[in-house]
Amino acid sequence: MSYLLHLATFFGIYAILGVSLNLLIGYTGLVWIAHAATFAVGAYAGALFATKLALNFFLAMLLAMLVAGILGSLTGWIFSRLGGDYYMLASVSWNYIVVSVLINWESLTNGPLGISGIPKPSLGELSFAEPTKFFLLTLVLLGIVYAAARFITNSSFGRVIKAIREDEQAAKVFGYNTLMYKVAISGMGAAMAGIAGVLLASYIGFVDPSSFDVMESIFILAIVVVGGFANIRGSLVGALALVLLPELLRFAGFPAEIAAHVRLGLYGLALILFMLYRPQGIIGEYKF
Amino acid sequence: MERMFFAQLVANSVIAGALYTLITLGFNLIYGATKFTNMAHGAVAAMGAYGVFFATREGWGLPLSIVAGVLVAGIVGVITDRLVFSPLRKKKARASVFVIASLGIFALLQSILSITFGAQFWPLLPPGTGRVFDIAGASVTEVQLWILGSAVAASGILFILLKFTIFGKVIRALSDDEEVAKMLGINTDRMIGVIFFLGSMLAGLAGILSGFDTGVQPTMGLFLLLEGAVSSIVGGIGSLVGGILGAFLLGFVENFGIWFIASQWKGAIAFGLLTIFLIFRPRGIMGKD
Amino acid sequence: MPNIPLEIKNLEKQFGGVHALDRVSLKIMPGTISGIVGPNGSGKSTLINLLSGLLPFDGGRVLIGGRELNRIIPHKAPSYGITRTFQNIRLFEQLPVLDNILFALTDRGVFGALFEKHGASHLAQAEEVLKMVGLWEKRNELAINLSYGQRKLLEIGRVYAMKSEVFLFDEPFAGLFPAMVETVAEVFRTLKAQGKTIILVEHDMGLIRKLTDYVFVLDSGELLAEGKPNDVLSKKEVIEAYLGE
C-alpha cells in the first residue's frame, strides 16, 4: 500500500510537470526542453526558503513559485523571439547552465552534495508528513494546477496561444503582441513547475543537481508526447503511463544499476515511436 | 599577462576551436540537407568514441580501432536517417516532429552506451601516451595536435569535395532547394542518407579525438552537440565557413573567458555567447538576411 | 476616424538588389474601393505586405489617419486601422471556424484575454459575421477541414470581424465559385456602405471593372497608370505590360 502511495505521489508531481509543459509545447508551440531546470529552480528555491530561512512550507512554496515564474518569464522573454529550432537549442543550453550553476555555486546550493533536511509540509498543528496526507496534498495541488490550466486554455488567452502555435505572424497581423503572450505562458508554466519542484523537495527531503539534467527534461517531454499535445487530460495519462512503466521493469528483473538507463532508453524509444506512428499521443486530439 | 600563459591560452583556444570545427562541420552538413537541428548528432559522436573504446579493449590496435569508431558513427547516423528521419520526411512531418524524434534518439543512444559500458568515465588511451610538445611556450599534447590536424584535413577535404566534385554540387543543390534538386532528378532521399553518413563520420571523429583528449562518458554527447550547435549558430547556420569561424570564436571566448571566471563556468560562456548572438545577430557571422 | 485619404509616398522595397517596389506613390480616397492590378512580379503583394507590417519599408512613408509612418509594426497595424487577407490563406488551421472569427474580436491585452468579460457579445458578433459568409453551420469544424472556397470565405469573415477602417484584400476571389464570388462582393458592398476603405489586389479584370471605383496599375515595382477602371484598363501601355509578361 505504501508503495502504491509512493507511486501515486510521484504521479501527482509529474502530472503537474506534464500539464505545465504542455501549456508551452502543445498549446503555444514553444518547444521548451528545459522544464527540468524550471523544476529545479522551484525545488531549490523551496528548499532554501524552507531550510535556510526556516519559512513555512506553504509560504516557501508561494515564494518558490514566484521565483520560478519570474525566471520563466525572463527566459521566455529572451528566447521566445527566436525561431523554433533556435528556441529549442537555447532551452537545452539553459538547462545545461542551470545544472552547472547548481553544481558550482556551492555557497548557495551546497554544490553536488545538495540540500538536505527539507521539512515536510505543516500548517500550524496540521502536519502532512504522513504519506497518505502528503499524497492528498499533492492531489489537491494537482487539482489546482489542472483547474488553472483548463481556465487558461479555455479562455480567450488560450485561443490566442493556440493561434500563435498555428501561425504567429498571422496572429500578430490581427493586433496581438505575441511576445507578451509567450512571456506570460512561459511564466505561468514555470510557476506551476515550481509547485512540483517544492513538492518533490519536501517529499524526498533532499535535492541535488543530478536529478534535473537535460535527460529529465526529455522525460517530461515524453510525458507530454505520450499523453497528447494540447490536451490537459492527456498529460495526466502520459504521467500515469511513464511513472508506472518503470515499475513494470522492476518485475522484469533489471538490476538496479541499469534500471535507470533502461528507463531512459524506453523514454527515448517512446518519443521516436510516437513521432513516427502516433504524433497526436494517446488522447489524440491535436493533429501534430 | 605572462607570455607563456598567454601562449597556453591561445593554444587551448585553437585546440578547442579545432574540436568544435569537427562537430560543426558534420552538424552543418546535415542541417543544410535536412533543415532541422539534429539533437542526436552528439550521441553519434559518443558512439564513435565508444567504438574505439570497445575496439582497443578487444586488442584491435589503435589505427584499426579509429577506423572502426568512425565507421560505427557513420553507420549509426545513417541508420537513424533510414529508420526515423526518412519516414518522417515521407510523411512531410513538421520540423518540431523531427527535433523531438532526434531527442528520443539522443536519449536512446545514450542509454545504450550506459547499459553496455557503464555510466562512469573511462580514459580512451593509457595515461602518458603520446608526447608533449612545447610550442612557443605552450604545452600541447600529441593528441591535441591530431585534433588540429584532423580539423584542418577534414575542412580541406570537405571544401574540395563540395566545390570541385559533382557529388559536392549535388549536396549543395540539395541544401539550397530540395524541391528543385528533386526536379533535377536527384534522389534526394538517398542523397540525404549519404550526407548523414558523411556528417556522422565527422561527428565520430570528433568524439574519438575528444575521447583521446579527455576520456569517454555516455553523457559526453550533449556537451559536444551544444558546442557544435553554438558554433553553427554563431557562425551562421548553413555556412560551413561560418561554422568554422564560430567554432574558433567559441574556443577563444571560452578559454580566455575562464581566465576571468572560474573554469567550472565554461559551459556558461558558451551559452552566454549563444544568447548574445541570438539577441543581437541571430543570423550569425556569415548568415544572410 | 476622420475621412482623410490613405497616402503612400515613395514606398520602396528591395529584395537582394531588385526593387520589388520602386518609389511608388498612391493616394487612396476614403470610402472607395481601389483596385491594384499588374502582371506577376509587379509588386502588388509586396505593397500589401508593407502596408500590413509584414515587411519593413526600405524607404518612403505611409500617411494614415493623420499619422505619418515610416514603418508599420505588425501587431500595431490594426491600431492604425489596417487589416488584411492573405492570398495563400493563413487561417489558424487546428482551430474551429468559430475560434478563427472570435480571435479577431477578443481583447488584445494579455490580462483582458485571460479574464474575458465580453464573451457573450463576442459570440453574437461572430454569429453575425459567420452568417454573412455562410459558415455558421460549420462553426465547430476545424479550419483545416473546410473546402478551399469555404476557407477563403473564412478569411474574408475574419477581416470583416476586425471592424477596421482600411481593408486590404489580396486576391480574395481566386478559385471561388460564382455563388461565393457574390458573397464576397456583398461583403465589399456592405463595407463600402459603412464608409470603409478597400484596397483590392486582383487579377480578374471583370471583377475589377465591376467592383472598383479607381484602379492603380503597377508594373515592375512602379506605378504605370491610374484612373477609373474602364479608362485605365483600355490604355495601350497597360495592355502591353500584361502581354509582355
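By letter and in written order, the chains are A, B and C; residue numbering begins at 1 in each of them.
Going forward, contacts are C-beta pairs under 8 Å (C-beta built on N, C-alpha and C of every residue); 3 or more make two chains touch, one makes a residue touch a chain.
Worth saying up front: this structure is predicted, and the values here are computed from it rather than measured.
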item: Graph class of chain-chain contacts, one of line, ring, star, complete, other; value: line
item: Chain pair, A-B or A-C, that carries the greater number of C-beta contacts; value: A-B
item: Distance between the centres, which are taken as Cα means, of chain C and chain B, whole angstrom; value: 47
item: Gap in Å, rounded to a whole number, between the CA centres of chain B and chain A; value: 30
item: Distance between the centres, which are taken as Cα means, of chain C and chain A, whole angstrom; value: 43
item: Of all residues in chain A, the ones touching two or more other chains; value: none
item: Junction residues of chain B, two or more chains touched; value: none
item: Residues of chain C touching chain A in the complex; value: 52-54, 74-79, 83-84, 86, 90-95, 99, 102-104, 106-108, 110, 112-116, 119, 144, 158, 162
item: Chain A partner contacts - residues on chain B that touch it in the complex; value: 36-37, 39, 84, 87-88, 93-101, 103-112, 114-115, 119, 222-223, 226, 229-230, 233, 262, 264-265, 267-268, 270-271, 274-275, 278-279, 282
item: Interfacial residue positions of chain A with respect to chain B in the complex; value: 29, 31, 33, 78-79, 81-86, 88-90, 92-94, 96-97, 100-101, 103-104, 214-215, 218, 221-222, 225, 258, 261-265, 267-272, 275-276, 279, 288
item: Interfacial residue positions of chain A with respect to chain C in the complex; value: 152, 155-157, 159-160, 162-163, 165-167, 169-178, 180-181, 184, 286-287
